[in-house]
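Chain naming follows the written order as A, B, C and D, and within any one chain the residues start at number 1.
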Amino acid sequence: MPKKIRLGILGGGGDSLIGVLHRVAAFINDNYEIVGAVFSPEYDESLAFAKQIDLPIDRIYKDFDTLIEEELKLPEDERMEVCSVQTPNFLHYPMAKKLLDNGFHVICEKPMTMTYEEAKSLQASHKASGKVFALTHTYTGYPMVRQMRQMIKEGELGKIHKVDARYYQGWINPIIHDKEKRSSVWRLDPTKAGISSCMGDIGVHAFNMLEFTTGLKVKSLLCDFNYMYDDNVMDVDGTVLVRMDEHVKGVIRASQVATGEENGLAIRIYGEKGGFVWEQEDPNFLYFFSEGKPLQVYKPGHPYNSKISLEGTKLPPGHPEGIFDSMANIYLGAAKAIRGEAYDDCEFPTMEDGVRGMNFIEGTVHSHKQGNVWIDLD
Amino acid sequence: MPKKIRLGILGGGGDSLIGVLHRVAAFINDNYEIVGAVFSPEYDESLAFAKQIDLPIDRIYKDFDTLIEEELKLPEDERMEVCSVQTPNFLHYPMAKKLLDNGFHVICEKPMTMTYEEAKSLQASHKASGKVFALTHTYTGYPMVRQMRQMIKEGELGKIHKVDARYYQGWINPIIHDKEKRSSVWRLDPTKAGISSCMGDIGVHAFNMLEFTTGLKVKSLLCDFNYMYDDNVMDVDGTVLVRMDEHVKGVIRASQVATGEENGLAIRIYGEKGGFVWEQEDPNFLYFFSEGKPLQVYKPGHPYNSKISLEGTKLPPGHPEGIFDSMANIYLGAAKAIRGEAYDDCEFPTMEDGVRGMNFIEGTVHSHKQGNVWIDLD
Amino acid sequence: MPKKIRLGILGGGGDSLIGVLHRVAAFINDNYEIVGAVFSPEYDESLAFAKQIDLPIDRIYKDFDTLIEEELKLPEDERMEVCSVQTPNFLHYPMAKKLLDNGFHVICEKPMTMTYEEAKSLQASHKASGKVFALTHTYTGYPMVRQMRQMIKEGELGKIHKVDARYYQGWINPIIHDKEKRSSVWRLDPTKAGISSCMGDIGVHAFNMLEFTTGLKVKSLLCDFNYMYDDNVMDVDGTVLVRMDEHVKGVIRASQVATGEENGLAIRIYGEKGGFVWEQEDPNFLYFFSEGKPLQVYKPGHPYNSKISLEGTKLPPGHPEGIFDSMANIYLGAAKAIRGEAYDDCEFPTMEDGVRGMNFIEGTVHSHKQGNVWIDLD
Amino acid sequence: MPKKIRLGILGGGGDSLIGVLHRVAAFINDNYEIVGAVFSPEYDESLAFAKQIDLPIDRIYKDFDTLIEEELKLPEDERMEVCSVQTPNFLHYPMAKKLLDNGFHVICEKPMTMTYEEAKSLQASHKASGKVFALTHTYTGYPMVRQMRQMIKEGELGKIHKVDARYYQGWINPIIHDKEKRSSVWRLDPTKAGISSCMGDIGVHAFNMLEFTTGLKVKSLLCDFNYMYDDNVMDVDGTVLVRMDEHVKGVIRASQVATGEENGLAIRIYGEKGGFVWEQEDPNFLYFFSEGKPLQVYKPGHPYNSKISLEGTKLPPGHPEGIFDSMANIYLGAAKAIRGEAYDDCEFPTMEDGVRGMNFIEGTVHSHKQGNVWIDLD
């Protein structure tokens, strides 16, 4: 039975929700132990947080560069093996790059980078390093998402011809209509949040899910954003026409002004033999249409599911498992990779997903800015 | 208490589903009596059908022109007051026009005409006639659709900023992949079905619903069709970006290859203060988001509903009322208009809806054919 | 093609909801024409209502006895063939009995009679008459209820072992807590409403549905009522343990104080090989569990459904059909029987259903009153 | 900021699902550290499992008695503070009792004991000890269950008058019909599983939920079991009539032969002003009826929720949180109690819940065995 993986944490201290999610996910399958961290840019806060969660403080470093420097001094079988990057968006790229360049595996929050250019640069570092890079597109960890992917792969839908993904939230609605607020929130400031708000934050999840589940690549897109107010320069809503090829078309819809919506990610995929519908807010129900037959509802934990779906289910059918589990499944996949064990390529999102995501985000911005023209993806 | 309205029927004989729907709808609120008809192009069949449904045969005419001629000979208080046009699509325009030109009210199935040009011509006849013209966009008759419209009108959503309509069916999937079938079915033959298959048949309902519920007009659109095969010239799937104005945007999605979908019409509308979600296959549930409050579910027949919604509900809450009722509500509205009584302008779709519908359908075709460019609507 | 059936109506005039429902249902499948009626105990009102719905008034009679007398004078091929009894509960028995005794077919609202004794007496008249007697347990007309029954009959659930029916309404809640109101409403007055309020009005539907769908008979029951207040003598809530045999058990739950519930009739049936769940407020969705397989969702109108289910569906899949259709399906079944055509024994509820219903209602009262003991049904 | 609580584990090693659930739950809110354990009756397996999950092995004891003995030798600030009992049912009582008698806090899986007599004895030890005893009725940890309880407490339903709980599973269906299997499975052997199978395992959860949410106590019950086969002596299905007082009645339904059901726990509670519906398989949706108003759907994480509900929610609205979180919430409550901090009495189920549960289970057996008579609870 394997030793636990030595994990370092960057960011995620204090009240960070993403920090909780990552620590729990790392814990759930008994694969990781946290050995060191920089939880916060303030050393004091980092130390305090370590004490709060009962970690030894000898490897709580004053900053990221020190962490790299000191860890490299340790013998290889004590050294951090993998670092989880949970810092603000603009730090993802420099940290992930330096980690890979110095021989660490990386688990990285999304968006992977701020620009497509950075993404390609990080991809180069990744290739050169030979290390594992896992991008936490959390939703791909849901057992029924993995089941959907597996069934498509096995031909249950036949040739795919139509895809449709929605990611509707309403959280920015109370902000966008208030001039004061919309000019001060960091999410609408391109220097802090990157090139896109709505498409960069959530549209890219919808994009990733379409590619993840179908195994197809988006070849071109055409996008229309809504900024809502003339003095706002960041998209808070957008619709993207996509073409996977000439006869496989679809749409990605994302919004932060869909008032009342919470985390409304939903996927519809249709092919010659059938179709799938899945919604993130009810993640244990996978709706499977099969031409001419009654709708079937797949649920986690049943023997009729695929191996990879079952592996991500810890409880008997009927016990809802939440997003913690989904994240934990990704950590589990990464753990297998880190240990050099066999793993299915759906088990964690990779560098390539990150690169494609940045390609997508920039594509939407270009399409919109150039008057809603078609943009080809690489 | 009013006399029943003298109704004539064109088409709708034999096994016609639309015929049943119209007759039942005309019956439900005790407002119409059928006095004459041309049920079929074959006189024999027309007579036989009249006997089958126990109608007197003295006003079953051998063809449409004879019907007009003979009815005009009758004294005004015996003459057909209104004709319901349920014939194949290409006959809607000539019949409706001749009826209006000869002083008859008209209830007309959709699509109103084959082209936008015909639509404008019919509009001119309508204006000159002073008669009622009701277009059976059936879905506007649902009590909860009317409730949604009324609440938007009263400002419950505040300023609208996002609209999204879906109409997904899968019925053409078994046809489209078979070369033999797809080249012979009339729905994919432009000379019989008009300029568009998917957008003309169902996309236009989604379009109509967005305008009906919001009270806003689509100003421009950009469309992408999927023909699925190079030898097919009719759209079987399409996505339309719409702009109601610069800051009110949305999307209309329609498909006949969404395998497994039945009659999946769904509407999402979001505004500054709240949002609505409604789905045709569960028409008695209207989901109302209100910023910061729990989701509310409106159902028909409760005193909290608006007058116009309640008038369209005949049974106590909890008794599902179906599409027959929805159609009946439209007939009821038309009956009020025919009798010169007061009615709410949501009670039946009008000529203007028909004109806009044709404008929309042709716009989608133009947008797609010109390489997915924006088309302004009149 | 058959002549329409000559139908008489008793009750159902004015604003009567049940009247609308019956007339529409009679109309929907083109099988009936209304030839005469006593719509109201007041002759004037009866005549006025006939005019309102555009019926000839020559066979609108001043009272029920006159109707019988005058109709019997008519030649057989003009005489009313069937009468639909929609009067207050206490008139069902005497009217239905006299109709049967005089050679008329009968369509009768429920409850069939006021007592089990009356029910058995009516049953005797029915047997002697050789006429059709249809009891409008409306919910058995739903296509998916018929589908459920057919699949159980064909062994899809294997041996049944568990049944569960719920019928929850909340309408009496605003009345029951108000002493004034609860002592004056006729539904809580045993001289007007019969032996039971909740169980007699709605529990009996749940009971009927269990027997209808499973084909099994309830052999004994044990019941507990809730009167809510000491000064109230009619049940407004009750739970009934039922045994179909020693190893097939279940429960019927009915309430009029389930605050907020509308018309919450729901059925759950489980057997060795699978289970069914169906809810009246979403009548087009039939949930079918099959041991070890994903849940399947049956919907009306698909070729995978049984013949009898399909015959009750007039529109393509995805168009919700409401209770009007359900009632119309029952009229259709009765029409077949009246015409002497072949029909499936699920097509309309019969005398036997009425007798069993009264047996059930009285059984619940006895069980409760005797201290929640088991009562055997005949 | 507080030190982590020193936790010992009894049972839960190897592939135990309940073991995973408890460890994750203990981890989630950063309140516990595992300091020692007896994971298995086999010392070797216990040690191996400790290594597998990367625990130090110095406090992995060879058996329970040794654990007590050795821990008591440690200084108080190193000693285990609390033990989590996850062993087979018949060990719950002796272990919990000895732990309490020796001054340890206890977290205990359900059923708390094998008999009501044991339960009362344990209650006495608990009182004498002054220690915390938390019973893991997991479902009470769901944020929306806590919200429901809070709203009832604040009078949102007015006076409660009707309760209804269902817990339907189908897992024993493939076993019960096979003579070989049903005579050998431990769950149907009273010497191993206790006095009741279905009611003891799941019915008691339904019972607990009714008392937890309403704040009322069940005063008497009447029960009917189904054994399905004459050679089986353990209930696999049962219905329980309950009375909270003369005018507050309800029903608890539990089944292990509801074929196809997974973990179908559902609660319906109705009062003078409104009602609640909640289902465990969709735990983030709480349906709130309010007399005369549209149904409202409460979801976790919104400011409109109560403090105690919000404290149990770690992620923004729309992120489903699963049963791990629910369990974690209970651990969190227990942690507060152990540390002597203030906590709400809904935060973890207590000794009293355990005692009442055993009282309930034995009551159902007595009622059934004595011919379905009413049994009063203490």
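In this text, a contact is a pair of C-beta atoms (placed from the backbone, for glycine too) under 8 Å apart; a residue touches a chain by one contact, two chains touch by 3 or more.
Values in this document were obtained by computation on a predicted structure and should not be read as measured data.
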Higher-contact pair (C-beta pairs counted), A-D versus B-D: A-D
Of all other chains, the one whose Cα centre sits farthest from chain D: B
Inter-chain centre distance, chain A versus chain D - centres from mean C-alpha coordinates, in Å: 35
Distance from the mean Cα position of chain B to that of chain A, given in whole angstrom: 43
Distance from chain D to chain B - Cα centre to Cα centre, in angstrom: 55
Residue list for chain B, restricted to those that touch at least two other chains: 261, 292, 295, 299
Category of the chain touch graph - line, ring, star, complete, other: complete
Residues on chain B engaged by chain D in the complex (per definition of touch): 288, 292-299, 302-304
Residues of chain C that touch chain B when the two form their complex: 1, 3-4, 17, 20-21, 23-24, 27-28, 30, 33, 48, 51-54, 169, 171, 261-264, 280-284, 299, 314-325
Residue ranges of chain B in contact with chain A within the complex: 157, 161-162, 164, 168, 170, 173-174, 177, 222, 224, 226-229, 237, 239, 241, 247, 249-251, 253, 255, 257-261, 268, 270-275, 289-292, 295, 372, 374
